[in-house]
Structures are given as structure tokens and as C-alpha cells.
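What follows is one structure encoded as C-alpha cells, with my remarks underneath.
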Amino acid sequence: MYQSVLDEIYDEVQPLVGQGPVASYIPRLASVPADKFGMAVQMVEGSLYQIGDAGERFSIQSISKIFVFALALKHAEDAIWERVGREPSGRPFNSLVQLEYENGVPRNPFINSGAFVVTDIVMSFTADAKRYLLEFVRMLAGNPDIQYDYEVARSEADHGHRNAALANFLKCYGNLRCEVASVLDAYFTHCSLAMSCVDLARASLFLANGGRIPQHDDPIISPEQAKGVNALLMTCGTYDEAGDFAYRVGLPGKSGVGGGIVAIVPGHASVVVWSPGLTPGGNSLAGIRALELFASLTGHSLF
Amino acid sequence: MYQSVLDEIYDEVQPLVGQGPVASYIPRLASVPADKFGMAVQMVEGSLYQIGDAGERFSIQSISKIFVFALALKHAEDAIWERVGREPSGRPFNSLVQLEYENGVPRNPFINSGAFVVTDIVMSFTADAKRYLLEFVRMLAGNPDIQYDYEVARSEADHGHRNAALANFLKCYGNLRCEVASVLDAYFTHCSLAMSCVDLARASLFLANGGRIPQHDDPIISPEQAKGVNALLMTCGTYDEAGDFAYRVGLPGKSGVGGGIVAIVPGHASVVVWSPGLTPGGNSLAGIRALELFASLTGHSLF
Amino acid sequence: MYQSVLDEIYDEVQPLVGQGPVASYIPRLASVPADKFGMAVQMVEGSLYQIGDAGERFSIQSISKIFVFALALKHAEDAIWERVGREPSGRPFNSLVQLEYENGVPRNPFINSGAFVVTDIVMSFTADAKRYLLEFVRMLAGNPDIQYDYEVARSEADHGHRNAALANFLKCYGNLRCEVASVLDAYFTHCSLAMSCVDLARASLFLANGGRIPQHDDPIISPEQAKGVNALLMTCGTYDEAGDFAYRVGLPGKSGVGGGIVAIVPGHASVVVWSPGLTPGGNSLAGIRALELFASLTGHSLF
Amino acid sequence: MYQSVLDEIYDEVQPLVGQGPVASYIPRLASVPADKFGMAVQMVEGSLYQIGDAGERFSIQSISKIFVFALALKHAEDAIWERVGREPSGRPFNSLVQLEYENGVPRNPFINSGAFVVTDIVMSFTADAKRYLLEFVRMLAGNPDIQYDYEVARSEADHGHRNAALANFLKCYGNLRCEVASVLDAYFTHCSLAMSCVDLARASLFLANGGRIPQHDDPIISPEQAKGVNALLMTCGTYDEAGDFAYRVGLPGKSGVGGGIVAIVPGHASVVVWSPGLTPGGNSLAGIRALELFASLTGHSLF
């Protein structure tokens, strides 16, 4: 059934593919062809379904926040909730306003400021956060060829004044322990991960599977932690469009400005879609529609 | 099983019952004994479970927003989304700040300003919105004895300057069609509904049941609309603690300042808890813990 | 000299007269011909100079805040500074944002919320604030024919939802003692005063003259109070353009949305200009230019 | 007369000297004895009066903004008003909130973000902005021994995360041309100027004297520009207490967190006071009182 669902979605979303602007704040992202569309579904029981450009790598950008957060949760859960909230922000992902009114405590781990704090936490228990995350993601995806795209990372840093503003702001509130420059370097590098829909579907399967992956005896995170991540993705995973995403798709999801979206069907599957054209809120335009169709056709909406 | 789950929850939450301040901005709410605790579960298949003060009426307050919204959805869905958003607010339920920055379009239907717009919409298709809602709720609950508590409604109006500010603000942005005073009157009256946990569990069952109730052939709302309401409850139903509620409970829910919370297990049950002591965010303190235990003991978290 | 200065200004500003939109939120203001221009200078030593439509009455609107504030200062100075600040607002005159962040204490007496509090203070020591202000202004101007324009006042009330929002907001913070409706009624009535440039120049002379008027032995307010009012007018008198007004004109001033501006040359004169076309900030466009020329040609800038 | 005025002030403010916390965010400022008090008056006609610690150097901090701004005004006035406003901010001097809401255009040149833009402008027409400002200030003060305190500058940089946040924020809005690091370096160095009350009184005399200084034939800035600076100082010179300063003192003034305040009596004198204990708003507590007494005893309030 799932393959025919993907076929139907593929046909249905074609008019939307290429709609919406591609992220253009760095050259490497701007040069991605707008007409890409790929989708992959990794079932908990082992099957994998894919369509379109599902095997082509793209810049996962903010989707990396899931993996960094999982590492922090695994090793230092207590530290997180003293320094980050878990409420939707009601403001764009890179807003400084809220941070000022709330004295340097980011609203949740999936806005940029929250991700800086989470990165800072990961840096507190590993000497090389970049290597550490890369190996973690390769292991989750079962693909040792996954790489950072250092040109993207450098480009982000060159255009990263707003992120530098956020990070310095956190630092002045005492909510970063490491140096601003090294946190930003780790963050930009993490965001530069190049992965395909298939890679991402495999790498995020543990969230659909109570914290476990088939190739490992030990859980990645506990079942309760997996539920917590999914809850956060539901309320905070798609920027300032999280409410609309929940309304239309009804699944926890995390999007990236590169046009990727990871959605989780707890107990069943991880679903990944990629198409670079974006909504005004910065989420993949065709991707949201594809996930909406997926939830509707499979009955997998949580609601 | 459900009865023993309720028994276990009842014992477990006793230390929390009576903790947290009771709403005190109007005398009638302030006089409610803090040590009340009731819980009711209405299964889709028909069984009803209850414990403690589940049969005692209390002021449902903001929980009434569910029913008013369902009426608007049923009769005028298109009008809603032109005048209200569906994003979490990131601000207290009665904040004017966001309304000013966003030019009079409330963030979602479950903050006060959003509920005023929804009330205004309901008033556009019925001459007597108060009578209309009362009959709707009586029908849903199968209880013709449900009443408004007009003393509570009057008291709300007397202390309702902040709500009057919000409503006038909406009016100046052109987002109320009716007179400010009549919208506020309807709103305060709706909030004054006195219902028990059992009443509320029955009245909200349609959200767990794809929009249908057993005693009716015609659906109350469509399955898609029911999903939409649940999604909104998940991201916006518990004030500025919606993220935390999703994290801990993992179910769509709507709380009221009277200490009631309605939670929905799509496909299975509606669950209602009441205990008047509140968290800083204005949700029932023992109630949230009871729902967290319910989700954990029954495995009914959506995540 | 002053008459020739007025002549020169009159010629110079002609290209600006009729520029800028006339206030249109109520019909009576919208119907004022855009091409009006009048100016009057009342010297402390007694001379009066005027040009153009200086004898024609217009709706003084926010300029009335000066007179209400002077009454409060005279009778209840201590009460003022517990309930209103004296800092520029950095926000539009009718913003609710600041009021929420600063817990119901208006930034200064010349934004609307501040004027409501000042009106409330005046209402605390007189049974009929409307009559009281009218007599005060007639006395200051030496003109018993000055009247309220009740049609304007009614119209303001009909379109006054934003002001009603502000006043209700103050009330919910406990910063209004009287009923919201009666404060608004007094405020709208005060704003409806119809006066000419000549009337206003005479009525505001006490601010240029250390708190005194020629026709009275007793001072209206003390010299220190007069200085204080002028200081407030300098930093807060022309809405969100106070900094620009200080930069260009260099005199304390109060504007109204009817197109009038009162400026004070301490120790020398009161200067009033009227022209209905407004800047984006809501100040008379030709009026500001006229006052800039006046300060430049006479050397009366304070700086 | 002025010497006896200073004597009287000196006695009068003694109870306030040592009151209020000394700036403590960098060690060098924290170590300044709290009981310092000095005052100097430089008359336009040439006399100099002083009392207390008027000859002792202190860290002028934000007072340096006057001199950097005068340089920008002299060489690139047009560039300024496209990139900085001239309205009071209504927010603390280092707030990011306003900058976000107003898209990276600082409210005025005397809040930190505004000073960064002004510094950036100065850096556009001189290769060495630090050397340039130092020579300018030495020339104005007639004192070639004035120096930067590089330890203070370094310390500021080490604790300057909030300023780094502001500067990066400006950069991301395109409102800084030079590199963030070099603008901050120039800014922190400028702020580290060590000058005495006497130095500062001489150096700011041009603002009281229509833009001229006795030792120079060419004006420093034009008379109109000098008026403009004074107007800005009146509405924006003392952080979020500018309204209160205007109300109590009635003179244009610029304060620094080191406890210095420069006030201008246009046409007559520049007046400088220094005492390190601060008000909650960051202005010298005894200094404001001393200036209030000065204005009152000499009748030099502008109002």
C-alpha cells in the first residue's frame, strides 16, 4: 500500500513542486534546482519505500537539531530543562525579542537560540561535538558515507550575523558556557549535514520506535524521551507554522530551510520529504502538502 | 482496567490536591473548596468510568471555547480562518501585545481574543448565541439540566476590564462585527456553564469519535474537522503551558481556570479531570498530573 | 518684527499647505478643508500677532491634554507621579504594548493612556470635569464663548474602540478610579474643544510666563510646575515625532490631530499654528515647518 | 557667582555622594571609589569654575558618543539620518527589541546601536578612527595628555557580549559597513577615554557656543548642527531617564556609566559633573541632583 500512496502523492504534488522561493541567503542553497521532490518512508517493521529524488543528498539544516537534541537528552537531560523551555515561541525562529523579554532562556530547543544552548550542552560532555554528531548520525542512518558540507558551513558563518547576535545575547545572559565562536562553528557545521530522504528516514526511525533502532541492542534514548521529542516536534518543530502543520498533517515534524521535513508516525514509521521551494514560514511548500496527503491517505494523523 | 487506573491515579494525586492557588479574581470561583478532585472517562464504545467528585458541577470557563468553536466550525468554517490564526501564541492567554503586533488577528481560537472572534461568528448565524450554545451542550452531554451560572457571568463582567480591552481592540481592527458589549456578554455567559466531569466527558466525546455522538445519526462535525480541533487543542489548548502539556501528557487538551481539563484520546475516549488548585500557567495542578498518569498507565499518549 | 516674521512664514509654507492627509477617522474632522493655515503669537509683554486663519476655530483634540494636565498639577501633583511616568514612549500614542510591559503605568501624561489617568485624577477633585475644564480654558483664553463640539465628542466615542481598549486596560491594572465610560466621556469631550489659534495662544501663555497670566493675581501653576510642563512637552508633546520636533524646532510643543500645534518660548511667547494636513506621525505638516521657520527667524530655539 | 553656586551644590549633594551602586560589570570601573564628586563649569566667555574632584580623570564611557557623533555630523551628516533615527527609544540603551521591530535602524545616535552606526560612519572617512577621535578630543579640550585606557577597553570587549549581539544584529540588517569586530574595537576604545570634569567641560564647550571654540577660527560644526546635537541630548542623552532629566534639570545632557554627565547651557556654558554612584537608569545619582541644583540656582533651565 505505501508504495502506491507515494505514487499518488508524487502525482498530486507536481503542480506545487517548484513553487515557493528556494532559500537564497547562501549561494550553495540558492543553487539547488527548485524542481526537486523526493520522499521516503521507513517502516518500524523494516520496509523502506521511496519515490522521486529520495536518494539525492541535500542540506538538512535545522533538521540536524533533532539529532543534537537527542544526544543532549541521552547524556545530560537534567541540564537541558534548566536552560531551555519547551513552549512554542509564537515568534520567528531567529527572533531576539522573546529572548530579551524572557531573560536569555530560549523558548524551546528547536528555535535557533535553543539549539545553541543544546549544542553548548553537547560540547560540555564531548571534546569534538562535530565528530561526535557525525558518527551518531552515520550510525543511526547506517551510512558511513554521510558528510558535512564544509562549504555550506563556511557560507553560513559568513552570513550568520543574526545567529551571532543570538549567540552573543545568550552569552551575556550566562546561558552559553563555551565560547560564542566555537558554539556557532559547531552549530553551522551540524546544519551542513548532507543527507538524502532515505538517510534521514533511517536516522530518525528511533523516534517512531520508542527510542530504539533495529541494528542496536541498547536504546538510543528511552521510550519516555522519544515521546518527549515527538511532543516537542509537534508543538515547536516547524517554526512559526507549527500550529498549521499540526492542523493539516497531524504528525510531529521537523523542517529545515533546505526543503527537507522529517515526520514521525509513532509506532509505525518515519517519513521524510524534500522539495526546496518554501512557504513564507520557511517550510517546504510541496513537502507539507505531501505529508498532509500521506496522513490523509494512510489514516496516520494522530488526531 | 480503566476503573483501576482511575483508582490508582486518585491515590497518587492526593498529595497534589489542594496545592496551587484557586482562581480568585471573582468571588464565586474563590469560594470553591481547594480539595476537590474528580475524574471521568467516557469511552467511544460506551462505557463510563468515574472517581471522586466527578459528578459535581463546576464552572467550566475556558473549556466552553471548545463548544463555541465547534459550532462556528459546523456552520461557518470559512469565516474562521480569515479572522483567526491557528498558531500557538507564545504569550499569556489575555495578552494584548501580540494582537497589536499582528494587527488584530488573534493567534488562535483558544486565547481569549480568538474566542471573542469565534463568538462573534456564532452570533452572526444565530439570534441568541447563549440559548444556542446551551442547547448544543445539553444535547452533546445528554443532560437537559445543564445551566449557566448567571452570578458567575455577572461577576466576570464586573471584573472583565482586560477582556473589555481585548474586545475593544479587536473592534478597532474591524475584527468584531457585533457590538463589543454583546460579544462580551455572550462570552462571559458561555464561560459560566456549570458542568460535571461526567457531563463534560460526554459532551466532548464527539472529538474522540470522528465528530459523531452515539445518540445522533448526523455527525456534529466532519472527521476532518474533529482532527483539526484536536490538533488545535494540542498546540494551543492549555494557555502558555501547551508545550509542557504535550510533553508530559501527550494528548490534546483544553483547560479552564475553574480547574477543569478535557483531554481527548482520538478513537478511544474523552477524559475529564477537575481540581481547582492551579499552576502558575492557570491549569489544574493535580489535573495535569492525573492526565500524565492516565496517559502513562494506559499507553494512550499519542507520541 | 514678529508680524513680518509671520508674513514671511506664511509665504514660505504655502507649498506645504494642503499637503498630507487630513485626519479622517471621524467625519467632522475629515470635512475640514485641507488648505487652512493660521498662526498666532502671544507675547508675554502683551502683544498679539496673527496671520491667515488664526481666528478660525478648529478641534484642538490632544492639545487639550495640556490644560487637563495643568489642572491636575495645580490640585493634585503628588497623585500624578505615582500613576504616570514622565518618559517619552518610543511607541505610537495609542499603543497598548508598552502599557502591558509596564503593568498599566503610562509612560507620560501626553500619550492617550496617560491622559486618561490625568483625567481620572481631575475627576477625583471635581464633580463635573467637563464644566471645570471648559471654565478653566475660557478663563485662560479670556473668551467666554469657547465651546465643546458635542458632535465631535460623540463621533470620537463612536470610533473610540482603541481608546476604550486602553482605558479598560488601565482599569484592569487598577490605574483608573472612576468608571471607564465616564473617563472616556470626559476625555472625548475635552478633546472636542473648538478654539482658534488666537484662543490657544492666549490660553497657553501661562506656560511661557512662569505659570502666570496677566489678568490674574494668583499664579495658575508655580514657576517650577510651568518648567516641568514645558520639559514634558519637549520630550513627549508631539507623539512619536518628539525627537524630530525638538531637532527641527527646538521648542516645547503639543500637537493635536486636528492640525493644531502649541509651542512655548519660555519667558517670551506662546506660538500657535494650525493647518490640517498631517505628517505620518500625526502632526501638522505645514505647522511643523512654520514653527521651524519661526524658531530660525527669531532665534528662539532653546538650543 | 558661579563659584559660590558650586560651593553650595557641593555641600548640598554630600548626603547623596556614595549613594547608588558603582558600575561593576568590568573590574576597572568597579574599583573606582564611590565617594568621588567633582564639578566644572566652563563659561563661553572664558572663565572656568570647579570644585571637588573636578581635576581627576575618570572613564567617560558613553559621553564619548557626543564627540564621535560631532565628527560624523561634521564630515557625513547626510549619511547619518538615512541610517539612524532621532527619536527617544523608550527602552533601555542596549535593548535589541526595538532594533528588531524597527528593522535594524537604531532609534537615535546615543543608544549603543546608534553609536555603532555612527562609529561605522566615522570609520568610512578615516583610516584610524581611534587616533582620529583622540586627536579631536585633545584639540577640543586643549589637553594633549588625554589618553585611552586600554585596560578598560579590553575589559569592555571581554564583557561585551550584549554589544556584540547588537552589532551583529545591525550587520545582519546591512546597517554596518565595516566588520563587526573592528566597529566594536573602535567603540570600546572610544568609551575608554579618561578625562576630568575640566577636560570634558572644555571639550564640550563648542555645543554651548554655536559650534565654535575660542582657540579655533573655523567652527567645529555649524550653529544649526550644534542646536541639533543639543536637541538630541535633551530627548535622548540620558538613557531611559531622559524625560526625568529634562523635567528636573531642563538642560541637554549626556551621561556615562562611569558617573560623568555633560550638560549644556546654550549660549552660556558647559557644565560637567562626576560622581560614580548610579541611579537605576544608569545615570550619576549625585550628578543629576547637582545639575538640578545648578539649573535652579542659576536660573539656567531652558524651560
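The first chain written gets the first letter, and so on, giving A, B, C and D; residue counts start at 1 in each chain.
Please note the rule applied: a residue touches a chain if its C-beta (ideal position, glycine included) is under 8 Å from a C-beta of that chain, and two chains touch if they have at least 3 such contacts.
What you are looking at is a predicted structure, and each value in this text was computed from that prediction instead of being measured.
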Tell me which chains count as touching both chain C and chain D.
none
Set of chains adjacent to chain A and to chain C:
B, D
What's the farthest chain from chain A if centres are computed as the mean of the Cα atoms?
C
Classification of the chain B:chain C interface as same or different, half of numbers criterion:
same
For chain B paired with chain C, centre-to-centre distance based on mean C-alpha positions, whole Å
47
Rounded Å distance between chain B and chain D, as computed from the means of their C-alpha atoms:
55
Cα-centroid distance, chain A relative to chain B, in whole angstrom
32
Two or more other chains touching the same residue: where does that happen in chain D?
101
Quick one: in the complex, what on chain C touches chain B?
95-97, 99-101, 161-162, 164-169, 171-172, 180
Footprint of chain C on chain D - complex, ascending
85-91, 98, 107-108, 226-228, 230-232, 234-236, 240-244, 246-247, 250, 252, 266, 301-303
